[in-house]
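Each chain gets a letter, A, B, C, D, E and F, in the order it is written, and its residues are counted from 1.
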């Protein structure tokens, strides 16, 4: 069976609702199925990968480190929409370092994050087979 | 190769429709269901969003959800097309992929 | 066409479970196949057999049970989401040392892999949520 | 104990979520407690009292007629925000006739609906004791 | 001050139950009284005793049970909302002819009048929802 | 006699904050909790809403929710005040009524 292109569209902030956490749980499982996996962060979804999250005082689990582990699951296509960052007063520097080791380049550590414009995000969406949103 | 975008949120309360329309590609289709059908009524402050989108996308509205909310099809922004659940199914067949803007 | 549907909200609170149900019925009426319905997030609450709504309202959970039994639809409740929210089948209740189970007929509890597998196997995947 | 002024703030559309229906169930119960009850309809809440609602094809209960019965429960202060109507392409004519019989005026049938401006709605809110929102 | 709190969303899906819990703890720590917590809409799902979240996460339902028992808080689940969503105490399960009940310790099922009464009796009513 | 308005929704996704601010009276207070704290960061497209509201209302932000979302207090729109849950309780005491903008 042909490999399908799966995109996980993240448009919601973490902690206020469970969608970000439970979406990530799907992504981790999806990694085992040898399909093409892409994550998109737009609108409030960009907050999911912001640095220094600390929900300890809320008694909630800090799951943000899991994004950093995605490279180990061979998930390394994370696209972040530039306009969404700007509208929220954020910059690229607010985002966590999320990396993978490039097998084809002597295991050099490279960033999994690509900042794209809204138009580029639209083009990425148009190139998928299955869109998951939560 | 085109996408059916499904929007179910009131555009007066949330940004889902606006975000959808700014990410839809030429030739895609947009289907308004549930509370999103409220945005289809002519003369509202979101009507301009739909009018400019109609230049590049077909926009559909689910009739069962319109009826529930007391909105007659003759009140809709011109150019929108009304479909029922059976038409909703057909749209998912005609477009080889779909995306829900939750 | 072969469909996998995903339902992310519980009954009544949001319309999404109703919408998915009406979509499934319309698709079946046109001769399509509903390969799987996967219940995730609060969607797992659609699988409760203890629901007793007012007599003049629809019974969302039972609509799903009936549809599954009439058409042989595979309806899967995500185990991780179900554990958070208190949905249990007999096996899980026993494993957790609890004396009650509350899963309605036609639903089964399984893992997230069933969602991905459903999407790979199906021609179309549609997400219904909030 | 002094009578409190309760306001039920309706800002969500019916059918898409259950809040409108279950809010109305609270209002009906509240009527028995001899407190002052006011209903506010603003933002998408104005759709709750639109005419000709028919959710039959959705298999859902048409509870809109219950608003018309509120007069029988001595609930007759329903305020609708004009700006919210206009923003949605609606007019007063789109709203149901919701009336009560005025005991002090030979049981004449009078409208329970008052259309107010946003500023007037703000003033009404400021005059309450307990605000319920759903 | 005497407080009545209203919780309109279920555990995990939305933060509102957590927020209400932390508010209640902070108010109690300052010597205030939580007269009643009223669970409405999907908020009734906070009263399930069958919830088993991952070990590294909080147990929202149990936090409420524990708080109620430590401080003698009256925690009321709306019966109409509970029936729609499949929350049952032993009496209600018996009345409906069902073999299972799923209400956690510290919660009781009652009517909407308890919410209004709580608001009349309390100095402050605060709504936590989505 | 003043009201504490409690907002818990992201102002980038929903209209709750905008609606709240257009209904708050002079001398009222506004408290941002949960996802609404995201709107408190300086330089965003909703910052002007808060800046003009500050002329007539005090605006507070819940520290526990800020920390969860990785936002340092020094990044906030000038004039906003940070409170913790204990301060949240105090605000409900100081204002004789409150309203949640859900």
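The criterion applied here is as follows: contacts are C-beta pairs under 8 Å (C-beta built on N, C-alpha and C of every residue); 3 or more make two chains touch, one makes a residue touch a chain.
As the structure is a computational prediction, the values presented were derived from the model and not from experiment.
Counting steps between touching chains, the shortest path from subunit C to subunit E takes 1.
The chains touching subunit B as well as subunit F are A, D.
Fewest steps needed to get from subunit A to subunit D, stepping only to touching chains, is 2.
In this assembly, C is the chain whose CA centroid lies farthest from the centroid of subunit F. The interface with the largest number of contacting C-beta pairs joins chains C-E. Computed from the mean C-alpha positions, the centre of subunit D lies at a distance of 27 Å from the centre of subunit E. Centre-to-centre separation of subunit C and subunit D, using mean CA positions: 35 Å. For subunit E, residues that reach two or more other chains under the stated contact definition are 8, 12-13, 15, 22, 41, 54, 57, 80, 125, 127, 129.
For subunit D, the set of residues touching two or more other chains reads 12, 15-18, 43, 58, 60, 130-131, 133-134.
Multi-chain contact residues, meaning those touching two or more other chains, occur in subunit F at positions 8, 12-13, 15, 34-35, 64, 97-98, 100, 102. If each chain is drawn as a node and touching chains are joined, the picture fits none of the line, ring, star or complete shapes.
By the contact rule set out at the top, the touching chain pairs are A-B, A-C, A-E, A-F, B-C, B-D, B-F, C-D, C-E, D-E, D-F, E-F.
Those residues of subunit A that touch subunit F in the complex are listed here as 12-17, 43-44, 47, 50-58, 60, 64, 87-90, 94.
Those residues of subunit F whose C-beta lies close enough to touch subunit D in the complex are 1, 3, 15-16, 19, 22-25, 28, 97-102. Only residues 1, 4, 6, 18-19, 22, 25-26, 29-30, 32-33, 35, 130-134 of subunit A touch subunit C when the two sit together in their complex. Contact residues of subunit A toward subunit E in the complex are 15-18, 58-61.
Against subunit B, in their complex, subunit C makes its touches with residues 1, 3, 8, 15-16, 19, 22-23, 25-27, 29-30, 32, 124-130.
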